[in-house]
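I'd like to ask you about the structure that follows.
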Amino acid sequence: MRKEVPLIVTFIAGAGIMAGFFLQAPLVKVSLSANLLNWAVIISAFALALGAGNLTRLHGLNLSRRGKNWALSGLLLLGLWGFFLLGLVKGPTYSSYTYIFNAVLVPGSATVMALNGFYIISACYRTFRMRSWQATLMVLTAVVVALGRVGIGQAMWPALGPISDWINRYPNASAMRGIVIGAALGTVSLGIRVILGIERGHLGAEGG
Amino acid sequence: MSTQLSVWLPALVTLAIFSLLYRENIYYRAVEHLLVGVGLAHSMVMGYKSIVDMAVNPMLQGKWYMIVPILLGFSLYLRWFKGLGFYSRSAVGFLMGVGTAVGLKGALQADLFGQIISTAKLPLTNMSNVVMVVGLVGTLMHFLFITTAQTGEAPMNPLSRVLLWIGSYVGRGMIMVALGSAFAYTIMARISVLIGRIQFLFRDWIYLIPK
Amino acid sequence: MKPSLSFAERLGRIDVRVIHFLVALLILLPLIRPVGLPTQISEGTQKAYDTFDALPPGSTILIDYSIGAACAPELEPQATAWMHHLMAKRTKIVLTFVYSAEGPIFAQKMLDTVAKEYNYEYGKEIVMTPYRAGQETALAAIARDFQGVFPQDYYGADSSTLPLMQEIQDINDFALVAHLANFGPDIYVRQIGAPYGVPIVCGTTGVCSPLAQAYFASGQIQGLVAALGGAAEYEVLVGKPGPAAAMMDAQSSTHLFAVILVVLCNISYFLTRKSGQAGQGR
Amino acid sequence: MLNKGTTAILVFFVIYGLIAWVGVRRMRQGRHVPIRRLPGLDAVDEAVGRATELGRPFMAVVSQPTPYMNDEVIAGIEVVRYAARTAAKYEASFVAIASGADSFAVLQDSVRAAFSGEGKPDLYREDMVRFIGGYSMVVYGPAVIALMEELKIAADLLTGYLGFQTLMLAEAGASLGAIQIGATKQTAQLPFIAASCDYTLMGEELYATAAYISRDPVSVGFLVAQEFGKCLCCIVVVVGVLLSTFGGAELIKLLER
């Protein structure tokens, strides 16, 4: 039973949505699939706390054992539960809540991304070599598009803008289209496997 | 230079993370840990509202069956307790079932049929359309693995050889063009975030850039 | 050792810290003294503008305002330019947040600034719905059962008390769906565009825009505003030079620098390779 | 009875499912389906060989930013298993890193099994598979880089559900002079992989390689169905385009039913 119940639930949920997609019967199309979707949204909201639980266990253990960098673990837990309680009690529109959000999360996340700005330019220098015809093609396209999408390239050669737009609209789109179609076929394969219970990786490391 | 705490605080956070460029240090790690905590807390606050709005309130107003998703939701947390882990699997299964079916129907309709139909509608009357069609076919052939496989010592049949050639030259070429363009756009994306940070540091914190 | 060789070697061995310093400098200088380089309009941005412009006055649209902190510098200028355009036409706007839980805070900022400028009335002309988890599933739920997913707005007011929310029964009541997210238009096309036939306009980051081109080329999205460049183009179309225009000169200088570095690295690569040395570093 | 515009989709879906079913059945009965061996896999041999030569470790990074393992992570682990097998054969030093609790468990099992499979269980050590990061992918990048530099790796394999740290990792590997192999489905990360790695397994190449290594009936059976799907798409596009050029729209009408 332990193994079967989750698989049956998966099948019913998946098949219900698929039936709502193909069949016109209003009962299936509206009531069943709308309820399934709404329930999934609710459960997904519960799932948001899963990461928090794991982190709490990991860092709580580190804190209580005074392991390596235990103070940092404490800081993480303080940020996590302190901020959560603040949002829970006072609501996310409370001024201190948005203050902390704007003072820590916004600059922090943006700066982590911004670090990549430095790395990507040095990557241009250290790794962008024309080692083969394929790499050459990639490097040349990158150069044309990088210049063509900004003012300086367009000022140097006005045709660069339209050329880079064309590259994006046709050769790039054609390859991306191939990738989208390939990925869609992959999704169909995976979907069939998950709904029919052949694929069980998500049900845990023990294999379900 | 600004005198407001609401500018100094983000400035210190920004500098702490930029210090990683020099080398890893304790300030960077501290801010990093704080970020992880606060970011997760925010999504939990937002998720809590979803649960109250969509499940708890309707249940209290008489939709008794909304207890089911609430119970399933709570059962997710049973994976933290040894021996109870398998009870959480039904909820995971439910999420996977709905999630993959939603993705599956979308992939069939929008990605597969939508993209194929719009390509099949293109008349080969100009260069751009020819590039589009040839590029798509080439890319698809690049991802053929069985049709173009060499079986044993026997020479490959001519059709497979042609397909393999198209795939590894036309298809590969188109993919490299696409990746080049993607690289250029990624430069733009990352740099604009960097510009945003530098703008903040030198405009809002140190008044070097005129407002 | 020949001098040309050591020159080639040196070309290939510029210290990374020097590069990082130059990047910072090349961003800072144009910000202090802007040049005002021209902007050419790409087709995606033009189509997005035309689609918004063709909306009949008083129509209602849905904008998924999923701006996250990590991509705000790219997406906020886009959002601001869109809002100037839409609010001048007094389009009614429903905001949702599907892809990023951080979106509501950024939307609040927009309500306090741009919406104030146009005296937008909350509840009648613009409404903010709460964040919903589940991403693609949440979007499918919104499309299938709008009222069921949003019994309340972001501030906790009952949807039945908000006139704008009362007008919406299902997704087909929207004249258009637009989204701003660090994500391609794929989930919006899959869950809204293809099954319900609602037109979609996409505003996305540079990272996601190449994939978005596939959906733009197929006509599954009506417009595509890509990255900061797209935002700057949109500002030109609206006639309100704003944050993106100020950032584009710095973008130009760094792109040029990147290209110069690519050229230098390849010169060094070919020179050292010709003289029989393997490319150093690998 | 059927919704508008879904008839053709349903027909395709059913045929696709049938082909996959037949494929899986045939594979279970022991039929052999040839799969093209990709250069990326040969590169794993080369990279492990290089690591053996230099006496420095080969590092496999399996990235997983989500709480659940997805198919991409599973396929990535399959390639790592192959690398571990090769490392056991050459007795090269080997390190694998997981960033999800469940992928860590699976990875540990796979690497251990790979070493015993080659008859060298004594070479397997517990610290060969390490766990870095949990769900906080922000801390993950710098931590992996620190380990790369500490171990002075000779080669690495970046795989799984790669996030925005890929660029940092690939750059760090390149600056150590490592042979790098990148294998992912994430289109946003593919450009970095293509630029800074010596070999790549892009998108479906990763899945095909995983099927090639594991010979798992389900993976191979569904690969057959995907192959059929792609060939059908090519045919439909070519026929449709020719019809459109000469003014026919019958095929499109059929597909839109």
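As written, the chains take the letters A, B, C and D, and residue 1 is the first residue of each chain.
Quick note on the criterion: a residue touches a chain if its C-beta (ideal position, glycine included) is under 8 Å from a C-beta of that chain, and two chains touch if they have at least 3 such contacts.
For clarity, every value in this text was computed on a predicted model and none was experimentally measured.
At the centre of the protein atoms shown, by the Cα-centroid criterion, sits B.
When C-beta pairs in contact are tallied for every pair of chains, the largest tally goes to A-B.
Note: centroid distance chain A to chain C, computed from Cα atoms, is 16 Å.
Chain contacts: chain B has residues 20-21, 29, 32-33, 35-36, 42-43, 46-47, 49-50, 54, 92, 95-96, 98-99, 102-103, 105, 107-109, 111-112, 115-116, 119, 132-133, 136, 140, 143, 175-176, 178-188, 190-191, 193-194, 196-197 touching two or more partner chains. The set of chain C residues that touch two or more partner chains comprises 16, 20, 23-24, 70-73, 101-102, 104, 132-134, 137, 140, 148-149, 186, 195, 207, 209-211, 214, 217-218, 227, 229, 251, 254-255, 258, 281. Multi-chain contact residues of chain A, defined as those touching 2 or more other chains: 21, 37-38, 40-41, 44-45, 47-48, 50-51, 54-55, 92, 101-102, 105-110, 112-113, 115-122, 124, 126, 128, 135, 138-139, 142-143, 146, 149-150, 168-170, 172-174, 176-177, 179-183, 185, 188, 190, 192, 202, 204. Listed in rising order, the residues of chain A touching chain C in the complex are 21, 30, 33-34, 37-38, 40-41, 44-45, 47-48, 91-93, 98, 101-102, 105-110, 112-113, 117-118, 120-122, 124-126, 128-131, 139, 142-143, 146-147, 149-155, 158, 161-162, 165, 168-170, 172-174, 176-177, 179-180.
Touching chain D in their complex are the following residues of chain B: 20, 24, 28-29, 32-33, 35-36, 92, 96, 108-109, 112-113, 116-117, 119-125, 133, 136-137, 140-141, 143-151, 164, 175-176, 179-180, 182-183, 186. For chain C in complex with chain B, the touching residues are 17, 20, 23-24, 27-28, 31-32, 70-74, 97, 101-102, 104, 130-134, 136-137, 140, 148-152, 186-187, 189-191, 193-195, 205-207, 209-210, 214, 217-220, 226-229, 246-247, 250-251, 254-255, 258. Put simply, chain B touches chain C in their complex at residues 21, 42-43, 46-47, 49-50, 53-54, 57-58, 95, 98-99, 102-103, 105-107, 109-111, 114-115, 118-119, 132, 178, 181-182, 184-199, 202-203, 208-210. Here chain D touches chain C in the complex through residues 174-175, 177-179, 187-188, 198, going by the rule given at the top.
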